[in-house]
Amino acid sequence: MAGSPAIRFRQASVVYPSGVRGLDRLDLDIPHGDLVVIVGLSGAGKSTMLRAVNGLVTITGGDVEVEGRSVRSSRGKALRELRAGAGMIFQDYRIVRRLSVLQNVLVGRVARVPTWRQLIGMWPKEDVELAFDSLDRVGLVDRAYVKAGQLSGGQQQRVGIARALAQKPSVILADEPVASLDPVTSRRVMEDLRRINQDLGITTLVNLHFLDLAKEYAERIIGLSQGRLVFDGAGGDVTEGDFAEIYGRHMTADDVLEAQVAL
Amino acid sequence: MSATIVARRPGMPRSLWLGLTLLILLVWSFSGLEIDGGRVAALPKTMARMFGLFFPPDVEYGRQSVVPAILESIQIAWFGTLVGAALSLPLGLLASANLFPRATRLVKPLLAAVRAVPELLLAIYFVPVVGLGAFAGTLAIGLHSIGTLGKLTADVVESMDQRPIEAVAASGGGALSVLRFAVLPQVLPEIVALWLFRFEISLRASAVLGVVGAGGIGGVLLNTLRYREFARAGAVVVLTVIVVLAIDAVSGSIRERLVRE
Amino acid sequence: MSPRPEAPARTRRHLLTAAAVLFVLGLTVWSANGIGVSLVELFSNLGRMGRLIDDSFPPAWSFWPRLIKPLLETLQIAIIGTIFGSILALPLAILAARTVSPSRPLYWLNRNIMNVLRTMPDLFWAMLFASAVGFGPFAGALALTVFTVAVVSKLTSESIESIDMKLTEAVRASGGNWLETVFFSVLPQALPQYVSYVLYALELNVRASTVLGLVGAGGIGMVLNTQRTTFQYDRVTMIVLFVFLVVMLIEQLSAAARRRLV
């Protein structure tokens, strides 16, 4: 394990069937336990980069390796196995509103529990216990039996985080996790992600639009533009000039969370 | 709203054309149907006399012959709808373009073809195969229900929130897990409500299947009217209306509860 | 670690679910029994099915010239039922719209009568009218008229209830009486929807009119009934194909017209 990094992009390219290039020959190593923030304009390939890690998009050139295993050559059971090891958090939460919070979190166990047990809802005790532990980490244990649709946006996102945690993942992929949330809730969610990263040592990749949040929480910042790597540096070192380079323009109020509060 | 009023053109040549077309169709239709003024004028009296003969309905006949026949119609509608629903669920999922982009191109036209043949015509083909009676009617209702419910199921699945599908897949779930956690919880209440709605419609359909010998109350009405036993026909009409109203009310309130989140 | 919440007391829900399942199961067993459902019967009759298919195919192609006139009669029945039913439905719809209806009791009475009318299948009406005015297309046209009134007035009254009442208030404020508000505000707003319901009713009526003849109420169904009772299934199939074609054609036309309207 010490030999290979948690995630390795090797000349990884993604070209969508429409011809749009999502990722362009990306070379990158992400060591175990890092919290990496990816910034860039929308359409720069941030989402594609995360989805290449768990095979939700088809890699068309090069490869991505997770714990030394090739994503591109994983199919069927191997691919599901790989996805089970990577918890994903979405901008729009992607929880099922009609299911209870607990059931939503148990979805994180689908790759580990026999299908017939899932179908009739007979979850093993230890998986339910694990779901509760995950809910505990995001402070929602007391809402376990509430319909997920009744929660606020911030709470729904924390259910999404608990679902990812329930997978006991080695990697967390968070795709614009705070883009739909207000500034205060955004910070709360970022705190959760950082705490999980530090407590459990889970390698974490986060797409962010807000630059100040990125600077505050990232150990390392990756800049993407048109699917290419244009910046790679420690979180604290980034300057406004670097951002101007990544974004191809100067920072505006739209790019800063604090400015959003003032607005 | 005000925009539509402003946009209405003066002169209205289109409605003039429409009116003219309607008039021609009407004249043509009348000329074909030997309808004369005398018969139309006599209509209120004729109907009043017949409905007068319905009352008081023949209660004894109602109890002995009408109620069992109505119950048979309910049985036909219930069992036919249930079997149709059970078969329509997998077919409806296969017909959903978002879940099965390839299968949908085959299954959708198939469902449309099944749906296009009315229950009565289907029953005409089932009667020689399984004989006169309720079983033929049940098969007709069931087959037609597959067509209508399959299509409506696909409509519901195609308009649901698609995003949880990716979430379950991202957790490493296979097709069955996606179905169990991302699809069914979202659509099942609506689909069961559709089944109930279809049962209400099936009941009306099964009430007339008797005219081709496929069981239920329809044959009873046809015979009582043929022999001009109007008090007995009255019992059929009154009981049918009461039963259908009651079932509609119960089924409707269950449907409302189902789709409330 | 936070304490785990108790799973909510679900005994009531479980009881309710169990009761529902039992009810559904019971109803199903009762139905299957009453009908005499039997897979054995279905499969042991596969031989008869083979014979039926033999009898039904190929369809009696040469039978088509004798279908033209009955088919036209079918369409005429549908047209008369649609037009007269729709004309009658409009005033009834206005009376049945809660927001516009001039009188509470009238609204209530009308609604309930319409609800009762709708419970009767179209073929029931056909049987009743055939019995009252005699066999033939007149009975069919009357049946479809009643059916159309029930369907179109219900849908139109719902549309009227959802129109913008501010305009109606405006007409009333400028001194219009009830009839004037109906003519200058309610009708113009509800008209496009009404027309699309009329077209919808036409589709339903064309479909329904093809089977009216099974109970003697005119149209191609009468031919169908004769061929059916004499077991000439090659002709039955020809009729069904013919009907299918025409119904599809008219539905396509009507659907296209409705799309342009809405």
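Letters are used for the chains, namely A, B and C, taken in the order the chains are written, and counting of residues starts over at 1 for each.
Please note the rule applied: contacts are C-beta pairs under 8 Å (C-beta built on N, C-alpha and C of every residue); 3 or more make two chains touch, one makes a residue touch a chain.
Treat the numbers as computed from the prediction; the structure is a model and nothing was measured.
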*Which word fits the touch map of the chains here: line, ring, star, complete or other?*
complete
_Most remote chain, CA-based centroid, reference being chain C_ = A
*Report the most central chain, judged by the distance from each chain's C-alpha mean to the global C-alpha mean.*
B
*Could you state the distance in Å from the CA-based centre of chain A to that of chain C?*
52
*Interchain centroid distance [CA atoms averaged], chain B/chain C, Å*: 8
*Let me have the rounded angstrom distance from the C-alpha centre of chain A over to the C-alpha centre of chain B, please.*
48
_Complex interface listing, chain C residues touching chain B_ = 27-28, 30-32, 34-38, 41-42, 45, 48-49, 52, 56, 72-73, 75-77, 79-80, 83, 115-116, 119-121, 123-124, 127-128, 130-133, 136-138, 141-142, 164, 167, 188-189, 207, 210-211, 214-215, 218, 224, 228, 231, 233, 236, 240, 243-244, 247-248
_Touching residues (chain side chain A, partner chain C) in the complex_ = 132-133, 136, 139, 141-142, 144-145
*asked:* Under the definition above, what is the set of chain B residues touching chain A in their complex?
replied: 161, 163-164, 166-174, 176-177, 180-182, 185-186, 189, 261
*Using the touch definition up top, name the residues of chain B that touch chain C in the complex.*
1-2, 4-5, 8, 22, 25-26, 28-30, 32-35, 39, 43, 46-47, 49-50, 71-72, 74-76, 78-79, 82, 116-118, 120-121, 124-125, 128-131, 133-135, 138-139, 204-205, 207-208, 211-212, 215, 218, 221-222, 225-226, 228, 233, 237, 240-241, 244-245, 248
*Residues on chain C engaged by chain A in the complex (per definition of touch)*: 1-5, 7-8
